[in-house]
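In the two complexes that follow, chain A is the common piece, with chain B as its partner first and chain C second.
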Partner chain A sequence: MGLSFFSKNLPIQEGQPWALTTPADIISTVEFNHTGELLATGDKGGRVVIFQREPESKNAPHSQGEYDVYSTFQSHEPEFDYLKSLEIEEKINKIKWLPQQNAAHSLLSTNDKTIKLWKITERDKRPEGYNLKDEEGKLKDLSTVTSLQVPVLKPMDLMVEVSPRRIFANGHTYHINSISVNSDCETYMSADDLRINLWHLAITDRSFNIVDIKPANMEDLTEVITASEFHPHHCNLFVYSSSKGSLRLCDMRAAALCDKHSKLFEEPEDPSNRSFFSEIISSVSDVKFSHSGRYMLTRDYLTVKVWDLNMEARPIETYQVHDYLRSKLCSLYENDCIFDKFECAWNGSDSVIMTGAYNNFFRMFDRNTKRDVTLEASRESSKPRAVLKPRRVCVGGKRRRDDISVDSLDFTKKILHTAWHPAENIIAIAATNNLYIFQDKVNSDMH
Partner chain B sequence: MLSKGLKRKREEEEEKEPLAVDAWWLDPGHAAVAQAPQAVASSSLFDLSVLKLHHSLQQSEPDLRHLVLVVNTLRRIQASMAPAAALPPVPSPPAAPSVADNLLASSDAALSASMASLLEDLSHIEGLSQAPQPLADEGPPGRSIGGAAPSLGALDLLGPATGCLLDDGLEGLFEDIDTSMYDNELWAPASEGLKPGPEDGPGKEEAPELDEAELDYLMDVLVGTQALERPPGPGR
Partner chain C sequence: MEFKLEAHRIVSISLGKIYNSRVQRGGIKLHKNLLVSLVLRSARQVYLSDPCPGLYLAGPAGTPAPPPQQQPGEPAAGPPAGWGEPPPPAARASWPETEPQPERSSVSDAPRVGDEVPVATVTGVGDVFQGGEADATEAAWSRVEGPRQAAAREAEGTAGGWGVFPEVSRAARRPCGCPLGGEDPPGTPAATPCAACCCAPRPAEDESPAPPAVCPRKRCAAGVGGGPAGCPAPGSTPLKKPRRNLEHPPSGGEDDDAEEMETGNVANLISIFGSSFSGLLRKSPGGGREEEEGEESGPEAAEPGQICCDKPVLRDMNPWSTAIVAF
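Up next is the complex of A and B:
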């Protein structure tokens, strides 16, 4: 496959054995910023942890480009909606970075109901030598001041300050599942089960509703919005996916309310694979535009699909993530695993796609060579600097020594959230409450 | 522990239990594991879906995606079960179906009322108007009419196989309802899945076989659930 990954196992968020895992530590989202220098994670307890990549230095060749904790802050708190007598979870559903426009970094983080804009700034100098105040900040006795001095900036230990700049509240009745920053860097959208709103980053007291699929009569509800994203280059285009497996590309120039799609991408159901669970497994859990803007990647329960924006009839590529589960759908329905929402990711050159699976496995598909690999994110199999060994799930028949049989897969260990560095072969994998960062040192350039 | 072909009880609290070792459901011989042919849905799959639906509705804020997917799946299952021709003759008296429907509807009503009122709450908050279903439902045949409360279309599916709702696994849902009514032969398993369904038009409120005490109880439940509803919004 050309990629050999070795692991950098972060000591952050050391996982305890499953039975002792604190639910609040479960990672719920992972996102690199536009340069890949920063990596943000959100968790179920409403916290955001930002990691920063250390610059490679000749002095310490072993710590080439490792990610260390840069900042930790509480983004969302649990809230209580008094009107509906409902508790609003503080779990961070999504984080999206804004393109950097000055020395500060900004990101959007959202829970089910409220989106927040956070500004992250560094302070590594502080002024010293004030005339009126002493070093502790107390006012000086003026009679002791005999001469004037100009305060100078002295270096200090780096301090990272995070402050909430905007709070975008009360825009959603239903649960927010995605946010996406527009390429115009001025607006962004947020999507819940039935509606999509467009916000201006500077305006918090109103938003524009651009998609509304709520039926007049809730009894007629048969489809919900599952994910949405702006096109990376065309600020008027966005896509949203549905629980029925369809994608709708919308053009904001066409109408104020984009209920009519410009394009509808839908694959006809395969009659030979038809079952009672066809709809559930066709529900799209994630949609991502390629970096080029020419393709879309979607994840449903068993596959990842690549769609060409110019072809609505069917995807141009389909990759089986774990087809051996197809005969187990009834059981997976029973234990609700069939409703798990996996994310997917492109590499920087759009040549490799990645997605998570069960048993702490994640899969990568090379679009050019059509080869794929299954890797595992677990402490046992990833000692630092070791090369990750490809794993295999056997379905019966010949079984090799290290194969895992389908029956021994651990369905509680699911890798739902993965992210790929925008330029290099560095990936971040969230396995419950552990974050793994893997890097390919052999082929550092994109291929 | 769990024999093949029987559905197992599902705790309300238990969300996802570790499945690593317990692999009984992966046994290819298990009725539920083998892909059920499209023509015949196992009733356990139907029961399971109904259970999931109830569980979903019981949440203070149901996951809409989960709810919609379960409802749609339930519809598919029901659609495949409806034309099933080889039904054994109904042993219970002819009045039993309508009694079952009424009682079902009344026990349903509490759930559908809570769901409907929840959705209405959401509409009211947005300022949108959404009147509840009128009691005399002009909807297409197949929709449960017997209930006094607006019913989410999905819950209509609970019409046909009423016996399943009263199985052990659902006891917890009806704790506050006097269940002495159900301890009679009408609810013998033989009547399960044999109801012709509400397609025979609007449910009849009267059931000659019921005695007065039972009717009174019915009325109490119906009135009680109506009290849960919000006043209707301005027009539809």
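Up next is the complex of A and C:
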């Protein structure tokens, strides 16, 4: 595949006061912005941490392009719905960046119920030399003012200010699982288990319901919405995945309520693989359009699949992420691991796809060469400029020296959230409460 | 046979999950509960369809929802017949919900429960509730109180579920276990303690005995957590409360301004499942015991204070199905 990743910088958690694994520190989402300059992470405690890539400088060639903390803020707080006696978790489910339209950056962050639009601005200059105020801002005694001066902007230490610009609340009865910004840069959608709403970024008191799969009688409920995304180029198209493993492509031009799909992507189940847990493992946990807009990537419990928008009958490619777990589904059901929702990602050129697994392993599949690799995100592997060594899980049979056996996998160490830089071979891997950033050592540009 | 064991185990694990989801932070997760209920249904189907020599499966195997055909007043006509011979007295004794028609057991509860409260999910399960008497709902709901106290014990339960549910069932095995109208043959292990129960022979529509009945039951099961302290006050009011809490206004599932998540239906769903499993209670002491001995010996052995019921009988009770209903 030609990619060998090494760690650009130490795991972000080092030296931080929150190095201990408190539940609130568990990273729940990772997202690069459109240029890759900024990387946002959300955690279970409702915080958002934004990293910025340092500009490469000739003076310190070794530290070129490292990501450092840019801003930290509390996005969501725990809430209590008194009417329904429900606690609303502050965990950030998803973050999506808005395309940058001016000097400020904007992102949407959401928990189970409320979406917020945050504006991130920089302040690196401040006016000095006021006539009526002194340096500390206190009003001057007018009698001491003898001449007029024009205030000038003087440089100051960079200050990053974050403010909530919009709060989109009360749009969802069920738990929000995804948000997606439309390519028109004016609207976005939010999806919960049964409904998808379309919002305008400037309007918070109204949203349009565009998909509603709630049955008239909840007894008849057979599937829920698990993820959704707008098409990257066609502002009228979006896709949503279901717990039954199907994808529905909808066209907003066809009707106001997009309950009828334009296309239904579904693969018939393989009867030889039927088990008690067939339905669970076929539930799609993530769906992502390719950058080209031609393909979709889906992740279910054991596989990642590439779908061609022009072919509804079956995926064009299927990659086994960890098929050795197929015989262990019952145990994974018992310990709830079978419900883990792994995400998936495309690289910038849509030639490589990536997804996480257990034991802090993550997998990459090269669509062209059909080669795949398993890498590990761990402290040992992330010493600066240490090259990641491919790992292997052995399932019995011949065992090589560094192989890990299936039974010694640590299922508490799961990589659910991964992100790939939009243009370069830089990846961000969230392993519980640690964030790892790796870069391709061969060359920084995608191939 | 192994399939049945595994199915059995999976069902108990699933129920545990559904129950625990109600106390999880952030509210009930619809997606996860839907998936769990699908597993539950698959396991149930396997359990019902897997032919097993030692079990009463004379009827149509694999029928996902035998109970619906059963109407109250049809003793052993429907699914119970499907399950074969009339169950051993002990099992029968535990379940007669309303009339002294032990064979019917809680299978008939399913329809009634379903009547009152729609279930949140699972195709096929929906068939379970057809017709039936309204009072059964009350009866079914009253059982909710019992196992509530057992919930604390659930925390100690093992992952296999066997450790949990036997205790729960004992607590929940209400008075319903009590011989209504003296139907139970003497010597019924389960019935013995019932003699001491304060539950009066209750007519079908009487819901009030349930709570008081629970208490003596639990007192019987000394050493099992909960005990009398958890007994709800006698009377119908406590019964209504759980029912109201769990039952959302889903009749038709209309949206109103304060739309509920309707996850309360998950609890109803479990009752339905429970009733569907009632047939499992019908196993002969011999057959059922053989099958479950391996599974249950551990947890059973761990239960102290089992003075009110015979061990083999307990196994046959299929404890976790009681627990299901209890939810």
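FYI, the second predicted complex is superposed on the first by the 437 of 447 C-alpha atoms of A that agree within 3 Å, B and C clash if a C-alpha of one lies under 4 Å from a C-alpha of the other, contacts with A are read in each partner's own complex, and residues count from 1 in each chain.
We take it that a contact is a pair of C-beta atoms (placed from the backbone, for glycine too) under 8 Å apart; a residue touches a chain by one contact, two chains touch by 3 or more.
For clarity, every value in this text was computed on a predicted model and none was experimentally measured.
J.: Let's test your reading of the overlay: on chain A, do chain B and chain C clash or fit side by side?
T.: After superposition on chain A, chain B vs chain C: clash.
J.: Scan A:D366 for contacts with chain B and chain C and give back first, second, both or neither.
T.: neither
J.: Which partner chains sit in contact with A:C337 here, chain B, chain C, both or neither? Use first/second/both/neither.
T.: Only chain B; A:C337 stays clear of chain C.
J.: Looking at the overlay, what does A:S327 touch: chain B (first), chain C (second), both, or neither?
T.: After superposing on A, A:S327 lies in contact with chain B but is clear of chain C.
J.: Quick one: is A:S283 in contact with chain B, with chain C, with both, or with neither? Answer first, second, both or neither.
T.: After superposition on chain A, A:S283 lies in contact with both partners, chain B and chain C.
J.: When the two structures are overlaid on chain A, which partner does A:P215 contact: first (chain B), second (chain C), both, or neither?
T.: It touches chain C, and chain B stays clear.
J.: So, does A:S408 touch the first partner chain B, the second partner chain C, both, or neither?
T.: The answer is first: A:S408 touches chain B but not chain C.
J.: Of the partners chain B and chain C, which touch A:D440 in the superposed model: first, second, both, neither?
T.: Neither partner.
J.: Tell me which partner A:D193 touches in the superposition: chain B (first), chain C (second), both or neither.
T.: Touch status of A:D193: both partners.
J.: If we overlay the two complexes on their shared chain A, which of chain B and chain C does A:D350 touch? Say first, second, both or neither.
T.: So A:D350 meets neither chain B nor chain C here.
J.: Where on chain A do the contacts with chain B and the contacts with chain C coincide?
T.: Overlap of chain B and chain C footprints on chain A: residues 83-84, 86-87, 173-175, 193-194, 216-224, 226, 243, 276-277, 279-280, 283, 330, 333-336, 339.
J.: Where on chain A does chain B make contact in their complex?
T.: Within the complex, chain A touches chain B at residues 18, 83-87, 173-175, 193-194, 216-224, 226, 243, 274-277, 279-280, 283, 327-331, 333-337, 339, 406-408, 410-412.
J.: For the complex, give me every residue of chain A touching chain C.
T.: 83-84, 86-89, 91, 112, 173-175, 177, 193-194, 214-224, 226, 243, 276-280, 283, 330, 333-336, 339
J.: If you look only at chain C, which of its residues touch chain A in the complex?
T.: 6-7, 10, 13, 17, 25-27, 29-32, 34-35, 38-39, 42-43, 46, 118-123, 125-126, 159, 250, 252-253, 258-262, 265
J.: Given the complex with chain A, which residues does chain B contribute to the contact?
T.: For chain B paired with chain A, touching residues are 15-20, 23, 25-26, 28, 30, 32-36, 38, 41, 45, 48, 52, 60-61, 63-66, 68-69, 71-73, 76-77, 80, 116, 119, 121-123, 125-126, 130, 133, 151-154.
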